[in-house]
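Input: structures, listed below.
Both complexes shown next keep chain A, but they swap its partner, so chain B is in the first and chain C is in the second.
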Partner chain A sequence: MQLLQTIFLRLITTAVTLFGVAVIVFVVIRIVPGNPIAMMLPPGATEADIARLSALYGLDKSIPEQFAIWSGGVLRGDFGTSITTRQPVLGLVLGRLPATLELAIMALVMAVLIGGVMALTGTRLRGTRSEGAIDVANGMALSIPDFLWGLVLILAFGVLLPVFHISGRITPSLQLPFSTNFYLFESLVRLRFDLWADIVSHMFLPALALAIPLSAVIGQLLKQSLKETMHLDYVTLSRTKGYGENHVILHEALPNAILPTLTLIGVQFTFLIGGTVIIERLFSYEGLGNLAIDAVINRDLPLIQGIVILFAAIFTVVNLVVDLLYATLNPRLRHA
Partner chain B sequence: MSYLSIRDLELRLKGGGRLLRRVSLEVARGEVHGLVGESGAGKSMIGKAVLGTLPRSVEIVSGQILLDGTDVLAMHPAARRRLIGATCALIPQDPLTALNPAHRVGPQITDRLVDILRWPRAKAEARARELLAEVQIAEPERVMRSYPHELSGGMRQRILIASAFAAEPKLIVADEPTTALDVTVQKQILKLIKAMQERHGTALLFVTHDLGVVSKICQRLSVLYAGMVVEDTDVRTFFRAPRHPYSRALLAATPKYTDPTHSLTPVPEAVIATVRAEVAEADRRAGA
Partner chain C sequence: MLDGRGAIQHRAGPRLWLSALWLGLLVVLALGAPWIAPKDPLAQDLMLGRLPPFWIDGAEPGYWLGTDSLGRDVLSRILWGARLALTVALVAGTLTCLIGATLGLMAGFLRGASDLVISRLVDIWMAFPPVLFSILLVAVLGPGLFSIIAAIVLIDWTRFARVVRAEAMTQGAMDYVASAQVAGRGRIGTMALEILPNVLPTIGVLLTLEMGIAVIVEAILSFVNLSISTDAPTWGGMIAEGRTSVHQAWWVLVFPLLALFLTVLSFSQLGEGLKDRFDPVLR
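Let's look at the complex of A and B:
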């Protein structure tokens, strides 16, 4: 019951948030300079041509009027038509979404694995020089932003030691039997491991670039919480029962120490999705981020709106999922 | 022969001063041995040294800790851990922090039996139900399925006591097991520990500030000052005729044994000076 109530409340706040985001974006992209219509037309087009096309896209109306028309469409599931490609915005965005989701989730999994292993090893080796080394590595990972890691990785594993692909999502010459755009997932389901390997080889470096700074944040916080937990009475009691260090860390300390990290991952995951915009550009990866940058360059107003709303929706869903996970993992909240 | 025997145990803070000064004490099978002394005297350190849970900042300089004649300090750490898990147990001070909030109560009683002693799970669970009934917990089944935060402090201490007796240990270390509880619950818990200890014939090393408690449940006691045992004797002798001036002062400071209407008499300066001189003398001899 509690849970349903929570979800219901969150859905309402989500709707309000999305509305606010829509208004802000709508207004901002219309008051910044740059006319999308002028950019579409060949040089030499007359004022009359521009006015005619503007009217076609409804851009001659006042901003509140435009917003009313647009939001009316959104409520019917119509996000408008992209000015540059002349395709429905919803179709374009949903077509690119799987690529970005797969990249973000792969990056998240990598970050959790790397950060988790760092934190656990650091805790196991606390007080030794190896712990210091892990802290230094963490600090380095943290002080360099994801797109610079992207450049470093491109140089290291794409150019100097070319073991991974550094451009695109899949080798273009391959025949694709896919019926969805979730290539990574679908290649697994279809047991096409050849394609899967090719896709992973394309995703690995961009995902790693996104994962490195996040893994450092996760590693630091988790290790900190673990070390604090290791002093608690129930951990000591468990030692007197005959348990060794590994059991004590994994079974007694970790389930409690992981809670703050989980919240952090929720917050950071939204940053990570934001980070895909530049990383996708860097690796010419055909996801939402790349689409967003093209849309901004071309002043493709309907497309920008659609993408921003979708990003905002993803952020809120992620936060909701994290909150629910947190409630399941923390027995104190579950029964409260 | 005594079950636990500590011989000349010397602990030091890494890169710092002495924490225990050649502490020796013996606890016979089935005997309750009190450890008293002011805060910081090193009572808990003795318990931690026995159970192998000393903080990393503390090092064992010398001495022996014999369990049934085996020097555990000379054992391989993993083997020592298993031996202690199988033969000793701890009743901790604060029941609110000694149960893991992430796990249900049942597994926290049965874990040692299943993982360390390799009992079948069903047998361990039956044993846990039996023990919970023994510590007077109604509805053992429900309690085992509960999380710690759903239970009161007194309940949790009963659970910890049940857990300590689960593997029929030969020795239990109880470190001020009632100080964190309500005064009304303290007496019940103390009685319970004593009853369980007698029924199971367990040796008990009982850390406390309270000489009143010592007189009720201990057969012997050691008085500690600054990590040094100043008196080690049986309880009757102690309360009739304490030998050391510090012991006498402690006794005088315990209201029950003088005049209950009297306020506490602090340990006199002169006595502190005497015992400090003894500590300094011991340090000088250890240094020489």
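Let's look at the complex of A and C:
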């Protein structure tokens, strides 16, 4: 009952947040000087042409009127038509979404692996010089944002030691048998490991750039929680029972230390998704972020709106899921 | 056994000094750019395009770090770019801090309606992808120094507001605040004279970190070509050009990247160092 109430309340605040985002974006991009319609017509178009096309896109009405029309459409699943490509916004955005999701999820997996290994190794080697080295590496990884890591990785593994691709999502000359845009996933399902390897080689560096700061956050918090747990009586008990240090860390301390880290990963995952915008640009990766920047540069109002709303929706949904997961995972909250 | 905290405090010294040293040097170089820079940062010479740095064969004397594809001197452009980076760090960082901390204090100490409105706004703000939002804002406001600063302030005030709000709430519940009010101090007076001084160390740390973030945001904006005018020397703009010609002229990317990397690292290490030293809350 409690849980249902929580979900209901959270759904309402989520709706309010998304509405707020929609209003702000809508107003912000419409106070812009410069008519997007004038930009898409060839020079020499008459005032009448501009007026006719403005009417076609509904840009001649007042902002509240435009918002009413737009939100009415959104509720019916119609996000309008992109001004530059003249295709439905929803289709464009959904076509790019898989690329961004695959990138974000791969980065998340990498961050969890790197951060987890850092924390466990740091705990295992606590009190030694190696622990200090891991702390320093962690501090570095934390201080530098993904954009800079991306550039460093391009130099290191794209130029100095060219082992990975540094632009695009897949080698353009390859024949693609895919029926969805989840290339990474579908290549695996179709057992096309040649394509899979090519895709991974393209995704590896952007995903790693996104993963490094998050892995440092994970490593730091998990190590801290492990450190606290290692002092608890039950851990000492299992040690006196004769279990080795590795067993004690992995089987006794870790399960109890991991909860705060899981919550944090959820929150930080939204930052990672936000980071895809510039990382995709940096690596010319054809995802939502790259589409978004193009849309902003081209003043493609309906497309910008659609993408920002989608990003905001992803953010709020991820937060919602994290809160619910936390409520189910944490026994103290479950019975509260 | 070695205590983790002891190890951290032991390292805080050199970390603080090295960061401060680099930032100090950068300030001097930026202020002195008109006299120190060996060339005009805007001067193009297509005959001197993509010259390598001085230790590589084919370098031209006077162009220490080489030239970009238009023959512009990389070193001079980095020095002039530092002026913009540091201006943005200082102005945008301070304004963000003032606005965010004030709103955070109000929400955390006065509570009530102001807390409701401010917290709701923070929630909405947190749902925006920040990079996309800043690009959008600058596109709307038009390129220029003012737009960059406005975009950073508009996006990052929540960083201060959230932390300061939580901190002001904790402080507000403490006994000394109650006694100050018993002694006859008003709400606003208590906020400014009792709460604020106790939140100040936290704010200082956040401000240092924010300056590093501002430098990065400016670089990102000029990377997507939305900073100040297109041929003005900016680190982000140089990086964008270097990215496209990275296989032909690595130095166009490496040197501005190095400057940006060190600056961002220094701000962040300075913030972390100050945190370890002065701020019991964030530690």
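Remarks
Note that the second predicted complex is superposed on the first by the 321 of 336 C-alpha atoms of A that agree within 3 Å, B and C clash if a C-alpha of one lies under 4 Å from a C-alpha of the other, contacts with A are read in each partner's own complex, and residues count from 1 in each chain.
One rule holds in what follows: a residue touches a chain if its C-beta (ideal position, glycine included) is under 8 Å from a C-beta of that chain, and two chains touch if they have at least 3 such contacts.
Note that this is a predicted model, so its numbers are computed, not measured.
Taking chain A as the reference, the larger set of touched residues comes from C, when chain B and chain C are compared.
By the touch criterion defined above, A:A45 lies against neither chain B nor chain C after alignment on the C-alpha atoms of chain A.
Applying the stated contact rule after C-alpha superposition, one finds that A:I293 touches chain C and leaves chain B untouched. Contacts of A:L262 after superposition: neither chain B nor chain C is touched. Touch criterion met: A:I31 reaches chain C, while chain B stays clear of it.
In the superposed model, A:G127 lies in contact with both chain B and chain C. When the shared chain is aligned, chain C comes close enough to touch A:V159, but chain B does not. After overlaying the two complexes on the shared chain, residue contacts for A:V200 are found with neither chain B nor chain C. Judged by the touch definition given at the top, the superposed model places A:L325 against neither chain B nor chain C. Chain A residues in contact with chain B (one complex) as well as with chain C (other complex) are 127.
Against chain A, the residues of chain C that register as touching in their complex are 1-2, 4, 7-8, 11, 120, 123-124, 126-133, 135-137, 139-140, 142, 212-213, 216, 219-220, 223-226, 239, 243, 246-247, 250, 253-254, 257, 260-261, 264-265, 268-269, 272.
Chain A contributes residues 127, 232-234, 236-244, 247, 252, 255-256, 331-332, 335 to its touches with chain B in the complex.
In the complex of the two chains, the chain B residues touching chain A come out as 51-53, 56, 78, 81-82, 84-86, 88-90, 92-94, 97-103, 111-112, 115-116, 147, 149-150, 160.
On chain A, the positions that touch chain C within their shared complex are 13, 16-18, 20-21, 24-25, 28-29, 31-33, 126-127, 131-132, 135-136, 139-140, 142-145, 147-148, 151-152, 154-155, 158-159, 166, 227, 270, 273-275, 277-278, 281-282, 289, 292-293, 296-297, 299, 304, 307-308, 311-312, 315-316.
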